[in-house]
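To start, the structure under review is shown below, and the notes come after it.
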Amino acid sequence: MNQWQNFIKGFIKENPIFVLVLGMCPTLGTTTSAMNGLGMGLATAFVLVMSNIVISLIKGFVPDKVRIPSFIVVIASFVTLVDLLMAGYAPELHEQLGLFIPLIVVNCIVLGRAEAFASKNGVWSSLIDGLGMGLGFTFALVLLGATREILGSGSIFGLKFIQGDGMLVFVLAPGAFIALGYIIAIVNKLRKA
Amino acid sequence: MASKKESTLLNMVLTLLIISVVSAGALGYVYEITKKPIEEASLKKELQAIKEVVPPFDNNPFDEKFEMEAYDGSGKIEVYPAKKGGEIVGYAVKTYTDKGFSGHIDIMVGFLPDGVIENTKVLAHSETPGLGSKMTSEKFKSQFHGFNPAEKKLIVKKDGGDVDAITAATISSRAFCDALDRAYKTLQKGGKIK
Amino acid sequence: MSEVLLNSILTLGAVAVVSAIILYFVAQKFKVEEDPRIDDIEEALPSANCGGCGYPGCRAFAEACAKADNLDNLYCPVGGNDVMKKVAEILGMEVQEQRRQVAVVRCAGSYEHREHHNVYEGPENCAVAHQLYGGETDCHYGCLGLADCVRACDFDALHMDEKTGLPVVDEDKCTACGACVEACPRDIIELRVLGKRDRKIFVSCINEDPAGPAKKACSVACIGCGLCYDACKFDAITMYDNLAYIDDKKCVLCRACVEVCPTGAIWEVNFPPRKPKPAKKKAAATAKKANETKGQTTAKPINISDLPKEDKPKEEKTEAKQPEVKQDENKTEEKKNETNENNN
Amino acid sequence: MEYFVIIISAIFVSNIVLAQFLGICPFLGVSTRISTSVGMTGAVIFVMTLATITTYLLYYYVLGPLDLVFLKTIVFILVIAALVQMVEIILKKSSPSLYQALGIYLPLITTNCAVLGVALLVIQKNFNLMESTVFAIATGIGFGLALVLLASLREHLDLVNVPKGMKGIPIALVTAGILSLAFMGFSGIV
Amino acid sequence: MVALKTFKKGGVHPADNKFSADKPFVKAPLPKMAIIHVTQHLGAPAKVLVKKGDKVKTGQLIAEASGFISANIHSSVTGKVMKIDNAIDASGYKKTAIYIKTDKEEVWEDGIDTSDDLVKDIPYSPQEIVEKVKKAGVVGMGGATFPTNVKLTPPPGKKAEYVIINGVECEPYLTVDHRTMLEKGHELMVGTKILMKALGVDKAIIGIENNKPDAIEYLTKISKEYGGITIQPLKMKYPQGGEKQLINAILGREVPSGGLPIDVGVVVQNVGTTVAVYKAVQKNMPLIERTVTVSGTNFPNPANYIVRIGTPIKELVEFAGGVPENTGKIIAGGPMTGKALSSLDVPVQKGTSGVIFFPEEAAHRKPYQDCIRCAKCVSVCPSGLEPYLLMTVTEKQMYDVARKNHITDCIECGSCSFICPTYRPLLDYIRLGKKTVMDQIRAERAQKQKK
Amino acid sequence: MKDNKLKLVISHSPHVHANNSVKKIMYLVILALIPELLVSLAYFGLGALIVTLTAVGSAVFFEWFIQKFLMKKKPTISDGSAIITGLLLAFNVPSNLPIWMVIVGALVAIGIGKMSFGGLGNNVFNPALVGRVFLLISFPVAMTSWPTPGGQNLTAYTDAVTGATPLGVIKEGVKNGESISQLMAQIPDYWNMFLGHVGGSLGEISALALLLGGLFLIWKKIVNWQIPVAILTTVVVFTGILHLADPDKYADPLFHLLTGGMMLGSFFMATDMVTSPMTPKGMTIFGIGIGILVVVIRVWGAYPEGMSFAILIMNAFVPLINMYSKPKLYGEVKKNGK
């Protein structure tokens, strides 16, 4: 697999959300608007890339039994890092994303990638993989966020294009499930075609 | 098939220890760096809020802040006196209510010394986006500018008061009034305003 | 070093060490041995979980492999020899190569060959129809054409031919998982070993009626006349219940039987058109030799490759009957040898 | 009454899955059969309670006093991971039957946001130890309710003719969406 | 009048269309060539005793029972065995049959009393009765063709309390049992007494639906002459004739799931069977003829016939007036449980109670849709099953679920398919599922026995 | 030997059919809804007409469109089920709801609630209610401003005079600490409620008309009596107990029976066969569940009316209910013979 394919696979072919159906909580919980989706996506992508790099670096030294705990510590460190940095320099966004920032730790994608890819591949490949997956995740989040924002608030990236409100459901929990359901159905269809 | 390394007690402990120590070190370091910005950020937020709700001042309200028992004994509210040239120009009061649609709401409200409301700002809430969340909108807030609780009733119109509720969010509106009312009555009880 | 830094390092270090130690001791104390090779094998398997191997899913098969002393009776039809080689490698064993199999449909009773004098109404389901009656035609053995086998195939290797009303196997896609064999209520589909260049010869009929009714019901039925039985020099054909059966283990693909069948019930697939060359006695002899070789080592695919390509057994009169066969490598539809048309 | 409110709220009104969006991956992944979803529920309640108590103690007796609350994420997850692994190993040996029933779900729980989420939520909500425990159990039950409901619906959907494109995850999500829509009827009860 | 009873659970009301109810029996001519299958009963095929070229007399044993559950087969005509070959039967499959070319002159096997005189005395012991019934090859004529002698030999430890005579005839169109009750009332009564004697019981009940008031009245009248026999009028409801439903209707008892009527102390026999038992015991007459209703909405002259077993349906129909113009479907038996014939070459067998013609427009099924879960099928199922579920799980081959949901308890009455507003072929699939599950159970049982 | 060209049809038994059909069932339900429709036309006039026509039209259109172009199946709109969905959706919204919202509701009901699951018979939630609740949560303002019934605004549509429903009045009032007896003065009397002279969604107002239609359906054996009876009994008992405990805080049972979607829901929506249990026992459990939920939501929840939510929540329980309320097997063996 060349690096380009490695990079691009995260967008559609192995998109962590549409195809692997992982990391659903932040996906549903933070995508009330495209902007939030973007923020969450980038935060996750950052953690993904950094932990992929570090894990592929240390993979040789870690004994099997403490593999998972070690990886988790690495990931959690980066998550805390993001958390702190965001709280310090982007307090607005930090407040919006709330609980979901620390929860990046348990985002199945991050650990899943660490296990499935970074612990078996070199630094460079892992970086690319992390970047691809991270951006794929971001892409999905922005797509879902935009859908929900357009339908739910009648705006996109905060720019209002209709008078009044949209369909509130899409800002709330049920709309998140429903919108994602149809997006996945459509993506599946596109992927097959 | 990840690592072929044997799992012995020593290397397990060592590995985890090293990783943790390095992480902790790095995090501790970052924490040190970000500590100030984080504090500043939250301070700034409060200061910003105070600035928004009371007339211009030149003291540091944080230094002079004091706490008051709410008039109904339901909790404590924080009061930040704003002074200009040593003269009190208003009180920024951090008040709250538990009657929101989704529970607790924190509001900063500013009173002029004569008890007239200067302005309000919602600090924290978890009301429904698009409904209760509209209490942060200018349209709703503007009616409180210059609102004198001594003359008008801090109750929504539906219940016989003088406050225009947010459409379809009477509960949130009511809660909002409840918070303001709490601040007003507490200050009044403490004799800070008329 | 600041206090916070120190504290964090100490605390986190302590938590880490404590967890590691606890984990270690707990792991030591509560050790459960599981063959790690099972995971490796499972990874090597295609994870179709089709049950074609005879085990309930790939994991069960992997366990069976890990436990087994040798792999002779274990075979993943989906993965084929490549996968079995990998499994053997993991286990450090030898694997015997199995020759490739594909599903064949042993019924040629298309609409034109069988008169339909009833109308079936009910669910499109062979098993349901089979339970009800003998069929819309007089052949109570043949294909019902309601596609249970097609639905059973997970690999998209079967489809119904609109014109004939019979299922057609796509040999490239078929993995010999056997799902269709299971599904067919009339036991029409069989897995057969392919010869060299994917060739095969088989009787495309399972009608056990005597000659008269069989022939009346379907013009391409096997009537049990036994001519092919006499023609086969390799004991590959058996006769039972008015029906001939060719054993794919014994058949050397000499095509002697194909020519003698009066109804054209024997099909030869993937053979080139016969060439008008005089027969050579040698051919049969070589074939025999090949057969013996095969009998000893099943390891090699059937071996009539000793025969030079052009060296096809007797063919003089068939030549004229042999229609133009398009050499389409992918398609298998034109497997039908149409000599029967002339016989009718 | 306080506890009653916590319980009702955690199970129905602010259901962890349907309203709070935590633990969605297992919610979608393990809800194909009722039997597995029941097993998963048991495992989640167990681990969630244990983890909440442990992290609660750590937070208030170690991290708090040492002024290290910023390390809570990393410490919590480490503890949870170790805890899950430990429970798994112990169960496997000491009670194979229970392991058969719950064990296979345990690894899934490490990466279940709901567990970490609850540990963090009780801190955010300033619960005391008893409240935290009750909250954890109730949340687990709420998770189980949603999971078992969705599993029963999906088993049902297996028997009907869902259009091809909607089969699997899409229809599960839409179903969950309508379920969440229906559960909004509980809003305001506490 | 006695209160009307009926069974509790489920049931439907198909239009009864009993066009031939007032048509007395007519004897159909002998067939030119009798085709006599060796499987006309439940259980093992009979073993052929004749060979090609043999001359046989009417009533001669030509195939004998080959197991505990099996029945003798007798020649229904006098003539020459032409061949022993496969012939299509009502099941739609070819099965072994004996072809007998009929001679002009009929010669009866020795010892058979062909007169119509009523013989009331029953001098035989229970064992002798069972032996005679067995020899005569009598099988149940109510539909299941179960060898009657087996039913008359309850397994050790089980004791019959009641004999119930099934005169319900709940299938639309069919009227043979009705006619038998009217024309052969005394034979029926004596037959019942024989059954009672064979089973050692003193109570017999004849269950009759109230759409046959004349039969109820007539039998009530003559039953006075014979002790211990009561007539029970029943409210019309299909499938009251199913023995489990009939027992429930008359006695209020439920045969346990997977059990037999004898488990609640009952033996059920059809009216026709009872008359056949009378003939077998009192007249040494083997079962070589039976009663058949030929009817249909487009059939000009519906009637009841007495037909020799082995008569090709084609010959019977020609005698009855020929196949109507626009026939689309022909059914052997009643429209609820009968089999659609694929050809008229099929001969009349011991279980053939009717030949019903359906015009083209009524012959076709409507296309079916997805189940709308109206629960109609659940509410009409007399066995307390969930047909919609059983069909779906069979369709999806989830046989373990089907088994757990008692698919084997289906009596194949067809009420569910009859009622379904979306025309789902429920019973089509349930039959398949039931058979598959039965096979599984049998395989497991065999496996267990081996161990 | 051929039977002279006779091509006999072969099929499994039974060979006859009761000849009832989905179409018949659906059109009878539509017939049963007519009285209520007439009442609302009389009280709400033009608005009711516009909303009903739009809802039915767009429901049928979306069903046709989705079947034809997305599912590539032969459309089955003639079976009437889409008409019912449209009709019931209209019955569940205020008669002055903007047209585009009605259309959105129909799209959600048919598209999300029904066709996503595979169409008639395959859905697990009541489509009309999915549409209704979706609208309620999306457009809370429009969905809760009810035109007042009566002659003065028969020709008005969106600018009709609006007022609160009795349930809303009681809910608001009780929250503010007013007593029930005080509040009762503000709402129409029970007789008017029974006839339908009361504010509310366009098809829920007349208990009388709904009762007529419902009894007709029960008589025709299209719906089982268990569901409505179970719901209504549970509501009466539950609210009766509350009312006895504190008559000032809790309204009496009759009030609950006559207000909101109680009758419409019990007789027409909870009884949708597709989304309700299969056995009488199951239906009873289902009904009791709805009854309890309705009262809980009405009395303690944020929403004044809980019928839609209660039915939707219980819809989700149907597979579980079915699993534990199997019909009783004929000859069930207690000690598992064999």
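By written order: A, B, C, D, E and F. Residues from 1 in each chain.
Here, a residue touches a chain if its C-beta (ideal position, glycine included) is under 8 Å from a C-beta of that chain, and two chains touch if they have at least 3 such contacts.
In this text the structure is predicted, and so the values were computed from the model without any measurement.
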item	value
Co-neighbours of subunit F and subunit D - touch as defined	A, B, C, E
Most remote chain, CA-based centroid, reference being subunit E	B
Leading chain pair when contacts are tallied as C-beta pairs	E-F
CA centroid of subunit C to CA centroid of subunit E, Å	45
Rounded Å distance, subunit A centre to subunit B centre (Cα mean)	31
Centre-of-Cα separation between subunit E and subunit D, whole angstrom	60
Residue list for subunit A, restricted to those that touch at least two other chains	65-66, 69, 73, 76-77, 80, 84, 165, 168-169, 172, 174, 178
In subunit B, residues with contacts to at least two other chains	1, 7, 12, 15-16, 19-20, 23-24, 27, 31, 101, 131, 171
Per-residue multi-chain contacts in subunit E, two or more chains	92, 340, 342-343, 364-365, 370-371, 425, 428, 431
Pairs of chains satisfying the touch condition	A-B, A-C, A-D, A-F, B-C, B-D, B-F, C-D, C-E, C-F, D-E, D-F, E-F
For the subunit B and subunit D complex, residues of the former touching the latter	23-24, 27, 31, 101, 171
Complex contact set, residues of subunit C against subunit D	4, 7-8, 11-12, 15-16, 19, 22-23, 26-27, 29-32
Subunit C residues within the subunit E interface of the complex	117-118, 121-123, 125, 127-128, 131-134, 140, 209, 213
Subunit D - residues contacting subunit E, complex	158-161
Residue ranges of subunit D touching subunit B (in the complex, touch as defined)	70-71, 74, 187-188
